[in-house]
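Chain IDs A, B, C and D follow the sequence of writing; residue 1 opens each chain.
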Amino acid sequence: MNEPLCKRLAAEVVGSAFLLATIVGTSIMGAKLAAGAPAMALFVTSTSAGAMLTVLIWLFGPVSGAHLNPVVSLAFSANGQLAWRDVLPYGLAQLAGFAIGLWSAHAMFELPVLQVAVTARTGAGHWLAEAIATFGLILVILGCVARRPSVVPAAVGLYIAAAYWFTASTAFANPAMTLVRALTATPAGILPQHVFGFAAAEIAGAVLAILAGRYFWPAPR
Amino acid sequence: MNEPLCKRLAAEVVGSAFLLATIVGTSIMGAKLAAGAPAMALFVTSTSAGAMLTVLIWLFGPVSGAHLNPVVSLAFSANGQLAWRDVLPYGLAQLAGFAIGLWSAHAMFELPVLQVAVTARTGAGHWLAEAIATFGLILVILGCVARRPSVVPAAVGLYIAAAYWFTASTAFANPAMTLVRALTATPAGILPQHVFGFAAAEIAGAVLAILAGRYFWPAPR
Amino acid sequence: MNEPLCKRLAAEVVGSAFLLATIVGTSIMGAKLAAGAPAMALFVTSTSAGAMLTVLIWLFGPVSGAHLNPVVSLAFSANGQLAWRDVLPYGLAQLAGFAIGLWSAHAMFELPVLQVAVTARTGAGHWLAEAIATFGLILVILGCVARRPSVVPAAVGLYIAAAYWFTASTAFANPAMTLVRALTATPAGILPQHVFGFAAAEIAGAVLAILAGRYFWPAPR
Amino acid sequence: MNEPLCKRLAAEVVGSAFLLATIVGTSIMGAKLAAGAPAMALFVTSTSAGAMLTVLIWLFGPVSGAHLNPVVSLAFSANGQLAWRDVLPYGLAQLAGFAIGLWSAHAMFELPVLQVAVTARTGAGHWLAEAIATFGLILVILGCVARRPSVVPAAVGLYIAAAYWFTASTAFANPAMTLVRALTATPAGILPQHVFGFAAAEIAGAVLAILAGRYFWPAPR
């Protein structure tokens, strides 16, 4: 990871694009092929998203760290593994990548590229779920990076595949992706006015995980 | 695993909480999205539970061993890998974690936090199934710890995902978790009066596995 | 694998028992929960069987080789990795284990222990499928043992999970297990009079794979 | 991979045959068992294809590289990892293997061996999807070969399993296989007149990935 910043940002863009193209594209395909079977539609989304995450972290981990998530970048900065001045560029690259991925998914399925979400996702249960989902995600990353770095890609993929199901909110766990998912009317979307609650809960969960990580793994290797 | 006891117990609490939150949360989501398709509901629970178990053992294995199950702690003590005086604190930490996880799942789905189970799970077939499921779980752990320690997390996750299906009882295989699952009216529950039969069968299976493990792997490395 | 023969045979018995208990138990559970959705029922059987196979080879591979299949024992003997005089005891241990596993599955689900199969499985398509399935299985084992021994458990599990679906016969690929599956009236069974055709096709596929393996990997390491 | 060309071509033939037999066989079995549940039928195909790809790359990677795809052979040649003069023989071996696999699948299911496809697959969305799917596939291969060669088999399998779902075209991502899939009237087929558009999009995606790979991993190890 001694790559120049521009190459690291390019990796974050391409990785984020593939990640959200997978989530949105699969949710379109799932809704089409599994009409009336919402569990099947969510299952294909959860397994595809988990599989793609694992692949992308294998692929871009050695280039940029494959954060694909601003709270992951934040956690690495808090741990001294990413320069603080790189957090904002990483976040912007992730936003750009998510937008490219979302619009690519719309284009592949010949839907209007520009859309606005119609799915309500709000309430205390959903916020608690996002906080727990993000707490777990960041804890898994920090702990495995500290003690078993070779399993990070598989651990993140399996965690997210499971988190889709045990949280009431399907585990967005990513404030930048949450924001961009306001731009799709497919089942992967979230009403724009509900983005703030999700993002705040996700950030709270991430901060708690950073604190817990310092207790469990005080000197990450 | 030379961590102080308090940190090891904290790992058992957090790990146990995530494990039961996954099982209960997924069973709620599965019942909601797969109404009328019980195989799909059980399949998402079995795969999510297996995936989360693997992740949690990767994460907390280097801290506490990630037992998440009193009969696992018992088996390690019988093998000299955990001090006998730590078995009870581990068991209490697991109980506390399971309660936190179960109540968190209820809260995420905006259900009453305090519930009592309504699902009957009893009879000779179920007891035989719990004994076999726990026998296999402990044997897998002892054998892989002895000969292929790096695969233990994946082996436990895959074993449990399969055991959900081949046992008539969906493989609780964990007396502390069985007890706490009397506190949920979701499909993951077990009637309080049926807990004792399950727990006794699980302990019997574990004891047999400890004996079989001594035959197969007499000097664990 | 310098274990005494009696311990190796015990490993083959226990491993074979868990393998067939998984296949038969899951097919009973699948038929019960996925009535009217045969693809779902077969999917849970294929994934559970594949997962359990991987676990069992991790567990018993260092003890007995975890053949769990007489044509696997035959292939290892042909390659000089198992004494010829051990092939028959291995086969008998596998038969005994399969019988124990099948009857255990019946008992767990409170079905009559002694049954006779009712499912017809015959014809040129099925025989071709069994020959191809077994050819692939033995080739995967010989090639991975020769060049990438650490992936054998995962490779066998993934291969069998896929082979359930691409063969017309759901890939028994195991003459001893085929014989014992004549003793169950669950969906996992095969009519006694159809066992011979399956077993002959499996042995033919295995012999071809041994020859192909000698071409591809002449000096296994 | 210092094997003689004839052995490498034999590996490409056998590997390609098993890959397409899996895709076509599973799509026949899926259509039969999951009539009216197209998501389930596609899910078993995507998971079986991904699992078999991983197994085949483990098995034949050390022999021929297990390209099983002419644009993969092209990418390795562009990177200096395959002699240019071997690209055409590899492509012909892949075509031959795909034909053998497709006809074997028909024979196993007792369908007419010679068929012509009936499924229309065309339009800008599908072409964009094939370009993106192939871009991602080649990028994953080049990046993992450069930095984490041991995960290539799992990465390709997981990528393809996910790509089935997030692309509108179910990710053929392979011009030779696309051509041969014009010879099946099963759900895996593609109308002969639609082959050219798919193949052109796949080649375009592959060329872009080769260029992107040079930027991200300039000196592959």
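Just so we're on the same page, a contact is a pair of C-beta atoms (placed from the backbone, for glycine too) under 8 Å apart; a residue touches a chain by one contact, two chains touch by 3 or more.
Keep in mind it's a predicted model, so treat the numbers as computed, not measured.
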Chains touching both chain B and chain C, listed by label: none
Residue-number overlap at the chain A/chain D interface, same or different (half cut): different
Most widely separated chain from chain D, with each centre as the mean of CA atoms: B
Centre-to-centre distance between chain C and chain A (centres being mean Cα positions), rounded to whole Å: 40
Inter-centroid spacing, chain D versus chain C (mean Cα positions, whole Å): 28
Set of chain D residues in contact with two or more other chains: 37, 40, 43
Pairs of chains in contact (touch as defined earlier), listed by label: A-B, A-D, B-C, C-D
Chain C - residues contacting chain D, complex: 37-40, 42-43, 50, 123-126, 128-129, 132, 136, 139-140, 143-144, 147-148, 151, 155, 158-159, 161-162, 165-169, 212, 215-216
Chain B-touching residues of chain C, taken from the complex the two chains share: 7, 10-11, 14, 18, 21-26, 29-30, 33-34, 37, 40-41, 43-45, 47-49, 51-52, 54-55, 58-60, 62-63, 104-105, 107-110, 153, 157
